[in-house]
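Notes follow the structure.
Per-chain residue numbering starts at 1, and chain names A, B, C, D, E and F are given in the order in which the chains are listed.
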Amino acid sequence: MTTPAISRYPVPKLEDLPGDIRARMLEVQEKAGFIPNVFVTLAHRPDEFRAFFAYHDALMLKEGGLTKAEREMIVVATSGANDCLYCVVAHGAILRIYAKNPFVADQVAVDYRKADISERQRAMLDFALKVALRSAEIGDPDFAVLRAHGFSDEDIWDIGAITAFFALSNRMAHLTAMRPNDEFHTMGRVPPKRS
Amino acid sequence: MTTPAISRYPVPKLEDLPGDIRARMLEVQEKAGFIPNVFVTLAHRPDEFRAFFAYHDALMLKEGGLTKAEREMIVVATSGANDCLYCVVAHGAILRIYAKNPFVADQVAVDYRKADISERQRAMLDFALKVALRSAEIGDPDFAVLRAHGFSDEDIWDIGAITAFFALSNRMAHLTAMRPNDEFHTMGRVPPKRS
Amino acid sequence: MTTPAISRYPVPKLEDLPGDIRARMLEVQEKAGFIPNVFVTLAHRPDEFRAFFAYHDALMLKEGGLTKAEREMIVVATSGANDCLYCVVAHGAILRIYAKNPFVADQVAVDYRKADISERQRAMLDFALKVALRSAEIGDPDFAVLRAHGFSDEDIWDIGAITAFFALSNRMAHLTAMRPNDEFHTMGRVPPKRS
Amino acid sequence: MTTPAISRYPVPKLEDLPGDIRARMLEVQEKAGFIPNVFVTLAHRPDEFRAFFAYHDALMLKEGGLTKAEREMIVVATSGANDCLYCVVAHGAILRIYAKNPFVADQVAVDYRKADISERQRAMLDFALKVALRSAEIGDPDFAVLRAHGFSDEDIWDIGAITAFFALSNRMAHLTAMRPNDEFHTMGRVPPKRS
Amino acid sequence: MTTPAISRYPVPKLEDLPGDIRARMLEVQEKAGFIPNVFVTLAHRPDEFRAFFAYHDALMLKEGGLTKAEREMIVVATSGANDCLYCVVAHGAILRIYAKNPFVADQVAVDYRKADISERQRAMLDFALKVALRSAEIGDPDFAVLRAHGFSDEDIWDIGAITAFFALSNRMAHLTAMRPNDEFHTMGRVPPKRS
Amino acid sequence: MTTPAISRYPVPKLEDLPGDIRARMLEVQEKAGFIPNVFVTLAHRPDEFRAFFAYHDALMLKEGGLTKAEREMIVVATSGANDCLYCVVAHGAILRIYAKNPFVADQVAVDYRKADISERQRAMLDFALKVALRSAEIGDPDFAVLRAHGFSDEDIWDIGAITAFFALSNRMAHLTAMRPNDEFHTMGRVPPKRS
């Protein structure tokens, strides 16, 4: 049995990569224990790699009104709607960890309407799904709903922009047939105690 | 924090159930270590419960050209297309166990086209998805494709009938907002060794 | 000219069938004057036949808040949405007879919004169509609408479960290319008097 | 019980209509025994009435490679796809009569793929449905398929133009909530003998 | 480089046409400076040509509550939804001229929700798009919305009928691969002054 | 009459922007004669602005197997499918200029199937539209079609990645209600001579 391919495209060796890209990979490997395949796959195009992760970091690492778990919920819900295996599995793992909840990623990926999330989070995902699937229909009433749930206009930009960025990311994953690392499937799955 | 509801409808107590239904539940509890919520939810209507599980067993426990793992793949793939949280999570667990593969359920639920399955299984799931989503368009050419992959007409009935049964099951799960047992999320997730 | 096929699959002879199935067929023949093809087609798989009709009877013959005509309206409207020839024609006939109305089946099959039915029945069919086509989106507001029309939660289960059962039935009819008996096309079509 | 409305819009009295329109109505009444409601409804706008029936006659009464029954099949199949009650019921009646077949209209309205029609007619309806629902995608390969079934380019214009005309007609029927005459439901339903 | 074809079908010479059709063409040429290709294409079938333009004139040249620019907005918005190149380009030109606005046609063709039009016009186009794409769902609430914006029932007929007519027209344009005249692309594009 | 808003969000003044962003804007103003509103709108978030244009330049300014006009065709066709006014109008202008063709942008935005482009370009846009609308279904057969038209795998990455980037861009334009500059509507519309 052979190892399944990570990408439809050639995957560069770490030692052949530009220094800044190699450094980024070693940094994530240090932190996570492995290099997520999105790094390996996109490194095929260094300039696009740099822009991709600069955009990612600007949206996912910034301060703001959304928690890190909420940002990941947006990724998982919209990637589920786009049938994106890499993003559902990889960001599902990250969501489990940030939310300290072993079930929420499966819930949000399959049917966020029935997930163990707040009404405010459900409204956030309603908006995200609309941006993902029918963005031309976004209008003032959608903003009004989110404001009524306490989101600022900057929060709404975050929701929309994270969705927009993963619209790109999901399509790149389908284009390259990007495979999630095995590790992601089991991360954060230790079940919590219920009383 | 309260325990989340299992169903939109009242959930009967084990001791209040007709003897045959209680016996079935105790039997599955003995075997699995817990009672899957589909039993508890559907027991609200004993006659429908009996018919449901008779149908289920006729399709899922029978001998035939499809392996048990393949039957569960059909369930997981079509339930994914129907955004059915209960069936994706519960049958995903069963699929992982039958297939002895901790990744295949996530793959099939999100994007079976990129799953680690055979070409024959992909053709099986193409057919199942068509029955799930556009069944009026099923025609002789679809049968010809499956026969070319070695499926008999009885196998094709199995594929179509399992899909049809879970078209029912997915809709009952959405009607009742059926919640998957926590146990299902983690079953069968021990990662295998790769060489 | 040859008789058109009833099913893509072999159709068993009455005398070759298990006794209980043969008895059920003779009973319906006694009552209706002919054996509906759904019996003949599904008898190819006796265990599934038994479960199918047990489920059917549990939903369609029970007492409850829905009239028999209303149950058939649900079948006809959702089978129309699924382009299911057998169910539209066979259950259309039954609907005409129960409703004592020669027009309502054609109306409900093609466009229930313009049918000669009550507002309450239109709300019932709105819900049924949503279960048939977008069941993941069923939520508390849908239940609230039906309750406002006087439906109990048990009635709503009936509406949803009948729809779910015919989601299965429509798919089996497409899988087998089940042909409606000629008799169904003309049953109950005697026009009433209008004053 | 009151007579259901024929149209959302005012329905003119015969004696108030321009002479040419009244004459046309009396002519159809003479022939059919009643005045189809499409005449009554559209007479609300005499100029549009004249253009509508001139267009109708140019397409439906002309000589050509399509039989009258085939023209009506196109109307019934595409009106079924548009959920148009008036056109399915009224033209279904005409189709039964032209085809001397009491079943074909129900078949074509619900699922032409399983109707008792020739392969050539099925290809004709494939094309008509594509013009009805996804006309931008019509291209040279669609013409090639029809030519291979023996249709001339003028026949293809007929198929497309009849579909286009009933795209208009179906929308006018929905706009006005046009009600089919009771008579149409039962016309041509006497079952034939099978040998 | 050869001139691109105007139509998939033969295009008649002006001198071979019936007198009334030739006269109509010369009249439009006199007025517009060129003969729009819809005349040339549809002249292949003189009877249909006459009915088409009689219908067109009855809807587009009549007096009523809609301005000429508003009628063209309906054409451009619904033709955009139907991906109809001829109608978007030709009627876009006419819209720019009637509205004395070089931008509104592009706006309405691509996304009328963000066009520089009034709320009343946006409601008009919401209705038109619903008639174009989901006409079976048109009901009393849609009429109520338009009445609240000051539209009379006759205006609503106009909106619906123009949409219905261009449902026909768009399909004929796709059937014939009708090419817009080059002239239309640039008509009415002189930008206005803003203060 | 007031100037229509450029964005739902605050638009920064040039003098308040970070130096690198201001420099980029002055550079494009120097070249184009005006500052496209996408710069002004996205400058609300400097970090995202930098990543957006770094990504844009990596895809649109690079050497490769696609001409600049072909890259813009991909933008215009997929933005048309997403109803994105800003991108259709702004990139339509750029396409007209690169292609030296005043008609091709309108054609590609509305119906690329009927545009004056090569078969190879049509295959390119078939693929781009699939990535834009149904990216999960991209598979090896799609790659095979493009290779048969002479595209390298690197070209295919370009097609897919440009589409993915404008999936992001279209969604940001809808989120912010980004308005195209008036100038874009008329750029490159001088009609060429035909012989």
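Keep this in mind: a residue touches a chain if its C-beta (ideal position, glycine included) is under 8 Å from a C-beta of that chain, and two chains touch if they have at least 3 such contacts.
Since the model is a prediction, treat every value here as computed from it, not as a measurement.
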Shared interface numbering between chain C and chain B [over half = same, under half = different]: same
Using only Cα atoms to place each chain's centre, name the chain farthest from chain D. A
Taking each chain's centre as the mean of its CA atoms, how far is chain D from chain E in angstrom? 25
With chain centres taken as the means of their Cα atoms, state the distance from chain C to chain D in Å. 28
Whole-Å distance, C-alpha centre of chain D to that of chain F, is 44
When centres are defined as mean Cα positions, the distance from chain C to chain F in whole Å is 51
For chain D, residues contacting two or more additional chains: 83-84, 111, 136
So that we know how the chains sit together, what is the shape of their touch graph: line, ring, star, complete or other? other
Residues of chain B defined as touching chain C within the complex: 8-9, 44-45, 47-48, 50-52, 54-55, 58-59, 62, 82-84, 131-132, 135-136, 138, 143, 153, 156-157, 160-161, 163-165, 167-172, 174-176
Per the touch rule, the chain A residues reaching chain E in their complex are 136-137, 139
Within the complex, chain D is touched by chain F residues 111, 113
Residues of chain B touching chain A in their complex? 1, 3-4, 80, 83-85, 88-89, 102-103, 106-107, 109-111, 114, 116, 177, 179, 182-183, 185-186, 189-191, 194-195
